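Can you keep this structure in mind? I'll have questions shortly.
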Amino acid sequence: MAERKRKIVNDPVYGFITIDHPLIFALISHPYYQRLRRIHQMALAHLVYPGAMHTRFHHSMGAYHLMSCALQELKSKGVDITAEEEVAAKMAILLHDVGHGPYSHALENGIIEGVSHEKISHWLMEELNKEMKGALTLTIEIFNGRYHKTFLHQLVSSQLDVDRMDYLNRDSFYTGVSEGVIGYDRIIKMLTVHRGELMVEEKGIYSIEKFIVARRLMYWQVYLHKTVLSAENMLVKILRRAKELALKGVSLYASPALEYFLYHKISDANFEQEPACLQQFCLLDDYDILSAIKVWAQHSDKVLALLCKWLTNRELFKCVLSNESFDMVSINTLREKVQKQYGITGKELDYFVFTGTASLSTYNDQDEKINILFKDGTVKDISSIDNALVSHTLAIPVKKFYICHPKI
Amino acid sequence: MAERKRKIVNDPVYGFITIDHPLIFALISHPYYQRLRRIHQMALAHLVYPGAMHTRFHHSMGAYHLMSCALQELKSKGVDITAEEEVAAKMAILLHDVGHGPYSHALENGIIEGVSHEKISHWLMEELNKEMKGALTLTIEIFNGRYHKTFLHQLVSSQLDVDRMDYLNRDSFYTGVSEGVIGYDRIIKMLTVHRGELMVEEKGIYSIEKFIVARRLMYWQVYLHKTVLSAENMLVKILRRAKELALKGVSLYASPALEYFLYHKISDANFEQEPACLQQFCLLDDYDILSAIKVWAQHSDKVLALLCKWLTNRELFKCVLSNESFDMVSINTLREKVQKQYGITGKELDYFVFTGTASLSTYNDQDEKINILFKDGTVKDISSIDNALVSHTLAIPVKKFYICHPKI
Amino acid sequence: MAERKRKIVNDPVYGFITIDHPLIFALISHPYYQRLRRIHQMALAHLVYPGAMHTRFHHSMGAYHLMSCALQELKSKGVDITAEEEVAAKMAILLHDVGHGPYSHALENGIIEGVSHEKISHWLMEELNKEMKGALTLTIEIFNGRYHKTFLHQLVSSQLDVDRMDYLNRDSFYTGVSEGVIGYDRIIKMLTVHRGELMVEEKGIYSIEKFIVARRLMYWQVYLHKTVLSAENMLVKILRRAKELALKGVSLYASPALEYFLYHKISDANFEQEPACLQQFCLLDDYDILSAIKVWAQHSDKVLALLCKWLTNRELFKCVLSNESFDMVSINTLREKVQKQYGITGKELDYFVFTGTASLSTYNDQDEKINILFKDGTVKDISSIDNALVSHTLAIPVKKFYICHPKI
Amino acid sequence: MAERKRKIVNDPVYGFITIDHPLIFALISHPYYQRLRRIHQMALAHLVYPGAMHTRFHHSMGAYHLMSCALQELKSKGVDITAEEEVAAKMAILLHDVGHGPYSHALENGIIEGVSHEKISHWLMEELNKEMKGALTLTIEIFNGRYHKTFLHQLVSSQLDVDRMDYLNRDSFYTGVSEGVIGYDRIIKMLTVHRGELMVEEKGIYSIEKFIVARRLMYWQVYLHKTVLSAENMLVKILRRAKELALKGVSLYASPALEYFLYHKISDANFEQEPACLQQFCLLDDYDILSAIKVWAQHSDKVLALLCKWLTNRELFKCVLSNESFDMVSINTLREKVQKQYGITGKELDYFVFTGTASLSTYNDQDEKINILFKDGTVKDISSIDNALVSHTLAIPVKKFYICHPKI
């Protein structure tokens, strides 16, 4: 760790990403971080946007790059940031997603219900900090918002953090949805710190508007696309069915790590008390899930087999979005048709016909605000500015209802 | 299949890809084609270029798009192409890689030695043609170069086919190696047909030069990058070791499809005589391989376990490239060091210290030539043109030697 | 005109633009159209954004390209468009800016007050139609909105016309203000015709929002940038001063065309009654204006000389923007300082200290609306949609006040 | 000049260019430098590539940006560069083209024959150095290659200088000839200094090959495009004819600066002895030339009038390129046809039918070489490397012949 290394990684989004600190090398080389190479950033969105195959590894490297740029810019504006804080903030962003499991949303809803990826991140960071003999202590303080220089936490986690900036850039790049592109380089040049808080200079207002609108577009057009919702709900149903069968003692093909989570009831307590739990979690990734699903497509349980076959071959549920909730009459009509066509009955119909909701605040004025610093020293939340595009109306979450069912 | 559907797919490389023919819909929806979504185009290159996660599905869709553009261009120049030929040529390019298994090179060298992906493509096309009641007959003729309109085959397979154009574009895009970008749109506008053969108009010479140089760069900088060579060789060794153990009767975690290929000796005959063989092959993809490797990292066989652990955690072999072959003395010194450090001896050392060669012709003047059509009607191979960059010298393959070994 | 020509023009924004109809060749080759090569699209904005040197020629070629794409798309959706209508619509968009003089805004405010470029376009189209023996009759009907297929006019001129789409794309590309980029290709794919009117399919809502926000950003960040306002106001003042001096009989260096417009009072009547007037107008471009200004920097009239010297050397007026109008007290203070420092007095001070306003509607709900066609057949204006970003509030024009003065 | 200013300029090629030193502000603000805003980088190439309207101002700003990046990179590799040297090298590149007149090649061949732009740059730098009280002394030493740190001069002027890198990038960007794009960012990361000389690290070989091939392509496809050659030769003929007439005493519309150069015989001596000469030169730009040409299209001299009318309306000479020189018989046939059709005779026919040559070395092994530094410390010229694309053969200049004549 003594010698001065410098490594340059090609990134199609930013050109080159530079790594030049031994602690950061150590962190990136750790199996817990390398595991993120095997977790797709956008889960099953590639079934609609075939380019969206990038990983959480690549996203967190990108966010790290933006963090480096932002810190550089702030320092050049005279903001006091020590070398130690710089490395700590960079490690905090590298680790921000470390607790995500494969198909995170599906996993949390299907196999480890009630255990959030935030908590797992927390446990993993503590574990890593032990291994690295305290080198992550400041990182963890910044991550948890307990360090006195609030702007460092805001760069890691707020409505204008480098996490969002990178995922909008990257998801837009890899899906080819060019409208999601944001002017991240201009936003970064407009960042400043005022009374310890992260702010945007007045000249940056329109870039921030653009950023908020790009995010809104990416949600409705990509993340909440009806076919993406369909695929991800099918995955939730598959994992729930598998767990249901497993807990009943039915035999299922699974890697040891997946087996662990299928055949045990899992809660926070397991992670906190049984070291094996976190160990097994770190061995679990997209490859365990998808390879099992392909095998389950031949399972004797009809519900599991059908869902797995359809997902594998991309014969996805039809999904309808609506501004209003669906009435019981039309849901029941669908259930009857599915019952007739596929011979599924009773409670098992819930695996085939189901409703859900998707919602989004374009700008959340309750969360960490995006503050604009005017030349005269005034500070205003972006949603409070005269003539702003982003008014308080946009803070009200928009909620949409959807229903899914197989081809009938 | 009656109604006229039209679907638009976002592609970050070309913007949008349009699908508008029922036969093409049917082909793309087939499980054999959907399986390509689970096979990475660039195998393990993402360990060096983290963006390179795109799939063979996406690549063949891109090549299909270029085929559509090229046929459109040729038709607008008065080349006679019937509607049937157009669909057939498009299906031929969609299917050109259908016989690739996961980590194709490694598979062919490690598990199904002696069975080429070209042959598997052939068997799969025949199978699909049966299912589709002969709809692929013309496609197969074009693919095999037996159709009288030679240029259709040349678009599918030659030194200037849409396959190469797409993979250079796409691999360069996803790796971020911007120097690999080619002027595919200009090349396509310069294509023409002369006496039934595909040609490039005189004005396109410099774009062709650029194309050849970009390909050369992509090989040495990306495909044959020493760390990529290291990772892919480790994978070959892992699969060989696994097969060796399996044939001895050692128990190995594996999906049913992978099990099939590990525990049987496989030759062309198996594919030709046992329907199960092709069926199992179509269930095999990257997910089977990588999820097994993670589990094998805990195997009691030390050779297998070490190789699998290292690959999973990206602790790759050191790989040295050289213009000359390595002498036995230096190889033996390395073997001794490895033996001492890891306690591996005898034949098993071959899994840890080994040499190989990588070679490339910048332009192969024996293969299907790239012909230039001059305004005066003359036709010349690109390597025979006065003042051309691409001289016959470049047709001589360049061969490099490499040696791999674990950290010592 | 008999032979079938096809020409491909490189365009950094769209790749290639194809010209393939003899009438369009004839129109583009005409000196009236070639003159647009000598008129910058963004006037003096290049003094702030040095890349913004593109011409009205290039912009109208780009808009022509988008028109070709849009017509192609509509035809593929079954909209009835004849070959004659297609060529006419393409010529209409090529000609949409033909009446612009050099530094259009400045010219109209400084030398030919009261004569709008719309009227000059009209006279020029009539003139060209005579020369081309009626070939532009349908073009002119479409341009003027008198043709029964309303959507053709709407493609040429509305809040979602190909003119706006190209200038946002192109100005954003050449200035490097990447946030102005719009998803023009997706918007075009979402266009449709319903009851003879141009509409956007429901799936295109977010792309339209993005388009409107990008336009808003380009206005405040580029077109109405305070330094751009300063330079363009200086140019207005220069031309007014020159005309004032000329009408008093003072001698001024000028090309014959510029001389014509400086030494005559010009109104609509001149254009309508004196053929020389339109002829001279067609000889006038940016080169006449800027080369004169450089010479006038040495003129004995102090007001003219100072303004010209400053503009030539980019010593621009300071310009302050404000949400409120400026009070007389602060204006007078500035006037006194300028009087003291530069020795300018009385009415001539108005050339050095002056105020103005800039205003913009993000979306104008009085103008040709952007209509969304829902799947159920409903049609709604974009500003009337539930949860839309673009609410009626955004239809209220925002007005800003500015004041300009020399360095003091 | 005391206060610390920092300005960011949008550049579509590199994103943002930062200016942060008072001397550099002073230099950029100087009228001699601002004048470059009125000189197009690619002369008349926009008649073929309509996007190519960028200026020498923008190009030199871009080269300055690359210089900043290169110096930053070298410093991070431990190369000793003082703050003073850094500013001096940046000013040297800003000034590298300051002596270019409008349509440089045409001017030097038509009006100020025998006076090179290099010499004018030299005189202007000396003049500026006087005004700036010696602040440019080190800049001039670096520029002239007299400073002991050779690599600084090589960054300004060699076969791999930032001038070439920027013009290839920029011309490729603005023309839309995407094949001209080079991997400038990777090349810069591969730069190093060895024994005081600029070198490229071994890993950069393929990027250098790509750079050389891109340059070759830009020459043959853009700079020496037959229609560009035609337009630029017409301009030379126009300026020669105007000078010929002027020296005979014929009256010609011209700005005072242009008049100065038309009505005087100009040699180095004039620039060196008459201060007015350099002063007038600094007032001359594209606007003087093009506005005069439009007026001359009405001149009573038939030769001048025809050439000017044609160039203004883009009715360009037909230009034919050939690998062999043209024989007298075919030249005379053309002359006779032109004589017959246009009534031009004798010596004046030379203005209408003429031949010329265009030549290019892909890599010049006599010039400042591109040296590669191998890991073992060896240094080799790029053309001497085993298996290199760029062999000594490519150092032999390729020469092409062309003939131009009006439509007949």
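To keep things simple, chains are lettered A, B, C and D as they appear, and every chain counts its residues starting from 1.
The criterion applied here is as follows: a contact is a pair of C-beta atoms (placed from the backbone, for glycine too) under 8 Å apart; a residue touches a chain by one contact, two chains touch by 3 or more.
Bear in mind that the values here come from a model prediction, so they are computed numbers and not experimental data.
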(message) Going by the touch criterion stated earlier, list every chain that contacts subunit A and also contacts subunit B.
(response) C, D
(request) Pick out whichever of the two, A-C or B-C, is joined by more C-beta pairs in contact. (result) A-C
(message) So, comparing C-alpha centroids, which chain is the farthest one from subunit B?
(response) C
(request) Between subunit A and subunit C, tell me the centre distance in angstrom, where each centre is the average of that chain's C-alpha atoms. (result) 44
(message) As a quick test, compute the distance in whole Å between the mean CA positions of subunit C and subunit D.
(response) 32
(request) Starting from the mean Cα coordinates of subunit B and subunit C, work out the distance between those two points in Å. (result) 50
(message) I need the residues of subunit C touching at least two other chains; which ones are they?
(response) 15-16, 177-178, 186
(message) Touching residues of subunit A toward subunit D in the complex: what are they?
(response) 8, 15-16, 185-186, 189
(request) Could you pull out which subunit D residues touch subunit C in their complex? (result) 9-13, 15, 29, 31, 34, 37-38, 40, 46-47, 49-51, 53-55, 57-58, 61, 173-178, 253, 255-257, 283, 285-288, 290-291, 294-295, 298, 312-314
(message) Could you list, by residue number, the parts of subunit A that touch subunit C in their complex?
(response) 177-179, 181-183, 186, 206-207, 209-210, 213-214, 216-217, 220-221, 323, 362, 386-387, 389, 391, 393-394, 398
